[in-house]
Structure formats: structure tokens, C-alpha cells
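Please find the structures below.
Below, subunit A partners subunit B and then partners subunit C, in two separate complexes.
Up next, the complex of A and B:
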């Protein structure tokens, strides 16, 4: 029997029973479609998170006090001592490294801000002028913090666009005084709208010089130092420099943690890739269910067409030919279901993209190919038993319409 | 040429063994026209299935063209059916979703013949059974007589040497039944061995050689 003829006969059988076939298509396409949808969801979560991290800036190293141990318990926990603080002098010492392009000490706290009768709680960030450069922030009005010595606690601030709207309405805010707790500072600039970045709504912050923030919150230690390495392959050198310089200053004790943006990014990437694969695995269960349905449908087909099998045998069909015919039919059901499922999956994801353009919602190619492949394999695997059953029929019994 | 020697076929029915064929000896020569008659359960259909290699004997031997079929496996038997034997059934056994053309084509499709050759042979076979118009019709669009003609065309399209017919007129009115038998007789005149199983004496009586069976044995064999 020629392959073309085998396909033609099986295709004829598939199209002969439209209700049965469309039910099968539905089952398989739901399976394939759900693999596509869930993996697209996982992928878009991954894309969203990595975009968020990239929006922080490029070539970043984040330094914070305390050594995070990957195993065991840090000695500080056992002895009750706290780690040494990161100080402004530590930050300033980083300027020595040629691998470091920009650095910005950061203090973060929460504080009520008010102006006239309007007051709200907000996040206050104490930092330096370089922070805006690292984060690639643009100004809507005025200027960012002045480029002066880190120690100078000038009473100035920069506000986010939402703070401006809420406290100033349409008034021009530049040069006005803003009350922060029980201190006052003069507004030098307004950030352009930035939206949320890593859980912080930049439109809702007030930014002050780092020394001023130390006074405001009455702290001496820094929350973070954000560092931008120079262009090129200097990330590892910059990180080593950071650790070396601060270790020297901390009497040889390595009591800080410096993580690179790449490391964070690849960690999250890994987590989300695993998540996506797990989702794909879960969705594949529905493909196996579809496979079982294919088996059921093919068993019914064999009993419906028992006479036909008997006739084929009388006409000289071999066992292999009968197996081939029924397997091809099962494969057709699976392939058509797969194609419909792919179409359905891509249709839904592309309409989701249209509604939520900020997410990526694109099923990965491996998921589409994999789902299709699994559907086909399920169809073939679960088609084997019914096909063998047909091939094993006794021709005389089968011609009389009996299976045994 | 067909030769049966001591052929037996036993069926287990409950705890009883039924001898559907009981030590049968029989020879048939190529080009013969044989009818097998007898009451229900006499074993005539079993004999026909045996001749058509659809069934295998419990004991005894069957030579087809001087080749013993005893040791052949399913696929070898299928190959012989494909080349040498054509079947015509009481209930036609056409594939309902296929057109007349496709039904006739089916044995050649299984044999893997190229489409061009198939088209020619289908046309020839349909011509031989006097059906040339309605080739694109499906079985449910054809009359009983026409369906049996399609089945006959399918049976002879591979140019077999033996045509086995099991009650070929059983589902037809007497006029189209007679026409079918006449067509088969015409094929027989062209050299095809024709074996008809029937319990209709009017049909069986037309054969040059008439075999009567009872209880799995041949009780008369007249030429």
C-alpha cells in the first residue's frame, strides 16, 4: 500500500464522521492550546521581571551591609553582634576603582510629607546626583540633586510626578518649600513619569541628598550602594574591587554583599524558566487525556467498522496494512487537533497581547513544537492498541460484524 | 486447481464439538463452474471460507495450484487471496464512504499498484460487469443489483483465477439476481473458476457441477 493511499483512506474515514472528529479536535486542541497559553504566561512573567531589572539601569552592582551566607549560619547570628554599617566614607572610597563608573549611596525610609494643608506618607530616598544618571531618570522640571560633596546636607529635594500632582496641583513647584517630618527643604526638580520599577512607584518618591536623609532619619549607615561598572567586561572586576576596598576599610572583614545585576537577572530567569516548564508539564496532562480519548474513539471506530476490517482482510490486506490504516487515522485526529490547538493558542495569546501590550504573551517555539509533538505521539501511542485489535480480528467473524 | 484431502473443521460450541467439515475430499479444476448447496449448517459456507483461505482447517490438507497452504502464515495467506481469489458476498460488503470507483480500486490500493494502472483496470473491470456509468456514486446511491456489480468488479479487478460467491443473490430481487448470476457465468466462460454457495435450487441448478452437502459431508457431486 502506498503512503498516499493510506493517508487518503484514513482521511476519508476521519471526515466521514464529522461529529466524532470535531469532538476529538476539541479535546486535542484544548490540550495543545493550554500548553501554549500557560507557557506564554510563564514566558511573559519572565520577560516582565527581566524588563523590570533592566529598567534599573545597565551594568549594575548592588552593595548592602551584611554577608549573606549561602550555607550555614553567619557568625553574627551566633554571637549576637551586628555587622558593621556601610558608611558614606565606604561609598566615597569606591571612587578609587577604575572599573567603577558611577556610584550612589542610598538611604530609604518612609516619612510624612506636607505642604500647606496637604499631607501624605511617602518613600524618601537619600542619595547623590549620580543616582539619576545610573537609573537614567529624566526630569520633567528643574534639576536633580546638586553635584556637591556627599557630606553636604543641603535642604533640597526632587519629587516624583504624583507627589507634585497631589501636593501642588497646577502650581509650579520649583523653588517651593516642602515639609518632610519636622524639617523643610526646597524643591529643585520634578521627575518625569517613570511608573513602578521593582515594587517602588518612582512617581511617589521624594529624593533628598544622602547626608540630609541621615539627619532626617537619624541614621549613619547606608541602606545600599548602587554602582555602575564601566562599559565592557568589567563587572567581575568592579565587584571584586568593591569587596576588596570595603574589606580593607572594615579591618579585613568581608561583611558586605555585592550582587551584580546579571546574577539577579539570571537567577530570576532560571526560576521563571523552571516555572514555565512546570506549567507546560501540567498542561501536557490534558494532552494525555486527549490521547486516552483518541484511544476510546478508535476503539469505537474499530467496532463500528468490523465488517470493513473483515473485507480488507478478504481482499488481501496484511496485519501491518490494517494497523497502518488505523494508526494513520489516529494520527490525523491528533494532528488536526494539534493544528487547531496551535491556531487557538496563538489567537488567544495575540488577542491578550492586544489587550495587555505591556506583557509579552508569546508562547515559546519549543512549547508549540513540543505540544504538537506530544499530541501526535499520544495519538499514535494510544492508537496502537485499537489498531492491533483491528488487525487481530478473525476475517470470517469480522465479515459477519462480530468482534469475537 | 484446488485439492482438498481429509479436510476437517471443528467448532467448539459450549462443551460440544461441532464438525462443520468432516473429512472432506474434493478436487476442482481451473475454469470449473461449481455450485454448493445444502441446508443451513451443512458446512457449505465453512467450505467456501476454507477455499477462500479465510479459515484454516483443524485437520487435513488444502492444495491450491499444487501448493500446500497448511504452513502459511496470515500474511502469506493474505497475499494469495489478493492474487488468486475474488469474493462476492451476500451483503455486498462495499465500504459505504467510498465511491463505486474507490471500492473497486481497493484491492489494487492494498497491492500498491500505481494510480494510472488502477484507473485502467477499474474501467475494464466495471465494463466486464456491465456497469460503467455510475462510478462516482456511493453505495447508498446505487440499487442492490448495481452494488453487487460493483462488488463483482472489485472481486475480479486483480484478475484472480477463482471467484467465490456466498449467496450472491440472497439480498436481490429475482430479476437482478438472475442478471448477476448471468454476469458471473459470462466471467466463467472467460476462464474464471466459479464457486457459488446457495440454497436456491434455481441458482444452484444452473451450474455444470453441483455439490450437495449435509452435516459437513458431501452427499452428492454431479456433473
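Up next, the complex of A and C:
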């Protein structure tokens, strides 16, 4: 039997029962489609998180006081409360490393801000002019903090767009005074709308010079130092430099933690990839169910087409040819089902993309290829038994329409 | 047709094609197994997390600095112009139904002792902490109720800190240095393990006032309040709010009750559980497609039989019922198989990997079985209707 003939007979058998065939296609395509949808969901969550991290800037190293022997987070380290603080001088010393392009000391806290009769509690960030450069913030109005010495506690501030709306409405805020706790500072700029990034709503912050924040909160230690390494492969060198410089300044004791953005990103990436794979695996169970259905229907087909098999055998078809014939039919069902499922999956994800453009609903290529492959394998695997059963039929009995 | 006949008839026709019926039920069975397995994982996780959170007791309220509108920490935990003070913690003792309070500070410091040193978490705690957080000492005793302004420099070690610094030696009475200041060890806490990746045993507790000095802070991270379990949480919460507003002149703090925490946690976990069950349900759906296909084939094959039954006096309703019952039977039996199979897998995993928190979720298992039967019903409707609508004369003639 030529391959063309084999394909033609199998295709004929598939199209002879349109309802039955379309049901098997539906079953397979539900499986393939759900693999695509779920992995697209997982991927978009991963993409969202990594975009959040990327929006913080590139080549970042985050330094905070305190160090934990055991890995993992702990409130003590995360809040940066420790007996030996990171100081402004520590931050300034980092300028010595050639691998460090920009650095910004950061103090974060919460306090009431008011203007006229309006008051609200808000997050106040104390930092330097380089912070805006690292975070790639755009200004909506005015300019960011002045580029002066770190020690200068100039009474100026930059506000987020929501603070501007709430406290100033339509008035121009530049040059106006804002009351922070019991001190005042002059507004030099308004940030353009940024939205929430890593748990902090940037539209709701007030940014002041770091020394001024030290005064406001009456603290000396820094919460974080954000460092941007120079372009190229300098991250590891920059991190080593940071630890070495601060260790020297802290009497040889390594009491800080420096984490690179890449390390955090790859941890999250790993978590989400595992999650996506688990989702794909769970959805693939339905492909096995579809395979069982294909086997069931093919078994029915074998008994219904006993005469046909008998005729083929009488005409000289070998066992292998009969097996090939039925396996081709199973493969047809699986492949068509897979194609329909892929089409369905891509259709749904692309329409989701159209409605929610901020998320990247895109099934990964491995998921599409994998789902298709699993569907095909299931079809072939579950087709083997019916095919063997057909091949084992006795030609004379089969011609008479009897199975044994 | 009487019901017993109907049942016998359907059972006979289902067992006439054992292989076919078995495979159809298998499709549904795989789906139910998936649902059972996935929800067992979800349920186990839920129980595990709830147990982690309730190990401190359920009648706890915590006050944190800064007003936070949403669930989550305010940046006031880091720095604030209106800190929570130890005096606040003391004053909250006077709120009705409050039995104990504990002002807590958390930080990271170098701890040296017995010639070794280790960077670890240092917690500032009051004498009532073991009561408030139901966290007991195994050796010695906890920090004594000293003068708040000048407590004696005593320290209590977490169980991991004790082994790290002193191995199995008795640490009581030993001197240790925390961030350069000297403390005397007077107790060791029982082992609590890790909670959400944070090792509670890798800790040293010192009096709160000393911790504030050590970290050069003027505010507490948190005040934990234990109240009389017979009192209503709302009432206690309102009392705490009143007291704090009277002391601070405004609401610059956040009150979180353990109940709220558990509610939020519970609802998040429930949503997760439903989502996971839904994922397993995809396979059930595919199984339903299988039932529909097989029933359609069966109707076509048994056309002459239908004609015979009709000519013997069965009405359309009877024919419809024959096929509907068969389809429900297949789905139901498959579902039961899935329930058993899922249960067996869960038990096997429990035996071989006892660390995994698995728990057979009976409500979800029941729901899976009900959904399976419903799918059988829905998938059977169209073929059964088709069978019922056959013309008896033509049907009888069909070979």
C-alpha cells in the first residue's frame, strides 16, 4: 500500500462520521487549548513581575544593613534595623569603585503631609538626585531634587501625581510650600504618573533630599543604597566592590547584604516557570482523557469496519499495513484536534491581549509545541491497541462480518 | 417501564460492551482523580497555613504604626514621625478585656558568645511575650517584669541560637554580647520552626527598652495584645482604637485582628482552591465529550433494538430514560472510580512523602462526583432525545 493510499483511506474513514470525528477533535482541542491558555496566563504573570523589576532600572544592586546567616527573608533584615547602620559616608565611599555608575542612598518612612486644610498620611522617600536617573523617572512639571552635596538638607521636595491632585487640584504646585510633619519644604517638581511599582505607589510619594529625611525622621541610618553598575559585565565586580568598601569602613565586619537585581529576578523567574510548567502538566491530563476517547471510538470503529478490514486483508494487506492504516487515522484525529486547539488557544489569547494590552498573554512556544506533541503521542499511543486488534482479525471471519 | 426493569436493562446494555463502557467511565474517572488530587493538595496547604497562623493563638490583636488603608504594611514600620511607644503598650493594658500586651522590636545584630559569633535576628520583647504569643521557654525562664525604663540586661535564646552558640552545653548564666553590649542568658525558648520562610528559632530576645537602645530607634514595630477570649473582638478593637486615639490625638496606627488576618488568608486560599478544582475540571469536561460521543454511537448501533422496545409498547419517555440512565451510570461509576483512585494516590503519597501537607477534601470530592453525574446527564440528553425521536417502524427495519 502506498502512503498516499493509506492516507486517503484513513482520511476517508475520519470524514465518514462527521459528528463522531468532530467530537474527538473537540476533546483534543479542549486539551491543547487549555494548555495554551494556562501557560499564557503563567507567562504573562512572569512577564508582569519581571517588567516590574525591570522598571526599577537596569544593572541594579540593592544594599541594606544587616545580614542573616540563614538564607531567606527576615523582618529584621528587611526593615534594615541593625546595631551598625549604613551611613551617608558609607554611601559616599562607594564612589571609589569604577564599576559603580550611579548610587542613591534611600530612607523611607511615613508621615502626614499637609497644605492649607488638607492633610494625608503618605510615604516619604529621602534620596538624592541620582535616584531619578536610576529609576528613569520622568517629570511632569519642574525638576527633580537639586544636584548638590549629599549632606545639604535643602528644604525642597518632589511630589507624586496623586499627591498633587489631592492637595493642589488645578493649582500650579511648583514653588509652593508643603508641610511635612512640622517642617516645611518647597515643591520643585511633580513626577509624571508611574503607577505602582513593587508595592510602592509612586504617585503617592513625596521625595525629599536624604539629609532632610534624616532630619524629619530623626534617624542617621539609611534604609537602602540603590546602586547602578556600569554597563557591561560588571555586576559581580560592582557587588564585590560594595561589600569590600563597606566591610573596610565597618572595621572588617561584613554586616550588610547586597543583592543584585538579576538574582532576585531569576528567583522569581524560576518560581513562575515552575508554576507555568505545573499548569501545563495539569492541563495535559485532559489530553490523556482525550486519548482515551480516541481509543474508545477507534475500538468501536474496528468492530464496525470488520468487513472492510477483512476485504483489505483478502486483497493482500499485511498486518503492518492494517496497523499503519488505523494509526494513521488516530494520528489524523490527534493532529487535527491539535491544530484546532492551537487555533482556538491563539485566538483566545490574542483577543485577551486586545482587551488587556498591559499583560502579555502569549503562550510560550514550548507549550504550543509540547501540547501538540503530547496530543499526537496520546493519539498514537491510544491508537495502538485498536490497530493491533484490527490487524489480528481473521480475514475469512472478518469478511463474513464476525470478529472471531 | 418500571424502575427495576429500567435499571436491569441499562446495566445489561452497559455490560454488553464492557470495554467501551469501561473506557468511557475511565475518561470521567481520570477527571475526578485529577480534581481529588489537586484539591487534596489545596486543602492540605490551607490547613497547613491556617495551623501556622493560629499557633500563636486566635485572640490576638496587633497595633502597628502608620495608617494603612489596604491590607499590608505601611512604610511607617520603617520610619515615622509618630512612633508607637512602650508607654502606649502599657496604656493598652487598661483597655477592657485586654489581659496582656507586648511591645515588639525586631532587628538584626551580631551575637557573640562562648567564643563564637553569629549574625541573627534580635527581638525586643516584654515579659508577657510567652503568654501573648503562646510561645514557651524550655529552659530557665523568660525576661522578668523589670522597670520599663531600665530593665536588666538579660537575654533569652531561640533553640537554634542555643545550639549554634553553645551546642548541648547549658547556656543558662552565660554571658553573650549582642551588638557590643553584654547580656546574661536566662532562658531558652522551645522550638517553633519556620513560618513563611522566617526561622523563629534563629532569634535572641532581649528587653524591648534595651533593643530600642541597641538599634537607636524610638518606636516599636508592633504591639501585640492578648484579650479575654470570651470578649467580642469588635468591642476590644474599638477600645484599643479609642485608647490610641486619645493618646496620639489622631488615628496614626493600624489595628489588625487575628480574625481579620485569618479571614483574608482563608478567602485567598478558598479562591485558590476553587481555581485548582476548576483546572481539574477541564479533564471532566473532556470526559463529558467522550460520553456524548459514545452515547451517540450507541444510539445508532441500537436503532433496531429501540424499534423493538417501542413496538413492544415502550413510549418515547422510556427510551429517553434508558439512554439517560445509561449515560449517568457511566459518569457516576467513573466518578466513584476516580474518587477511590484519587484517595488511594493521596494515601500512598502520604505514606511515602509525609512532609507534603495533603488532605483529602471531602466537600470537593463530593462536588467532583456531583459534577461528574451532571456531566453525564448533560452529555446524555442529546443522544437520548435522538433515540426517543426515532420512528419505531423505520427503526425496526434498520439492520
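Definition applied: the second predicted complex is superposed on the first by the 386 of 404 C-alpha atoms of A that agree within 3 Å, B and C clash if a C-alpha of one lies under 4 Å from a C-alpha of the other, contacts with A are read in each partner's own complex, and residues count from 1 in each chain.
As a convention for this text, contacts are C-beta pairs under 8 Å (C-beta built on N, C-alpha and C of every residue); 3 or more make two chains touch, one makes a residue touch a chain.
Keep in mind it's a predicted model, so treat the numbers as computed, not measured.
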Touched partner set for A:9, first subunit B, second subunit C, both or neither: first
Partner chain in contact with A:283 - subunit B first, subunit C second, else both or neither: second
First, second, both or neither for A:321, with subunit B first and subunit C second: first
Which superposed partner A:169 touches (first subunit B, second subunit C, both, neither): neither
Partner chain(s) touched by A:395 [first = subunit B, second = subunit C, both, neither]: first
A:26 touches, of subunit B and subunit C: first, second, both or neither? second
Partner chain(s) touched by A:312 [first = subunit B, second = subunit C, both, neither]: first
Partner chain in contact with A:107 - subunit B first, subunit C second, else both or neither: second
Subunit A: partner with more touched residues, subunit B or subunit C: C
For the subunit B and subunit A complex, residues of the former touching the latter: 49, 52, 54-55, 74-75, 78-83, 87, 89, 93, 95, 97-98, 106-107, 109-112, 154, 158
Contact set on subunit A toward subunit C in their complex: 19-20, 23-24, 26-27, 30-31, 34, 38, 65-70, 72-77, 79-85, 107-112, 121, 123, 181-182, 199-200, 213, 216-221, 223, 253, 255, 279, 282-283, 285-286, 288-290, 292-293, 295-297, 299-300
Touch list for subunit A against partner subunit B, complex: 1-2, 5, 9, 12-13, 16, 307-308, 310-321, 395-396, 399
Residues on subunit C engaged by subunit A in the complex (per definition of touch): 19-20, 23-24, 26-27, 30-31, 34, 38, 65-67, 72, 74-82, 105-110, 118-123, 178-180, 194, 197-199, 202, 214-218, 221, 252, 279-280, 282-283, 285-287, 289-290, 292-294, 296-297
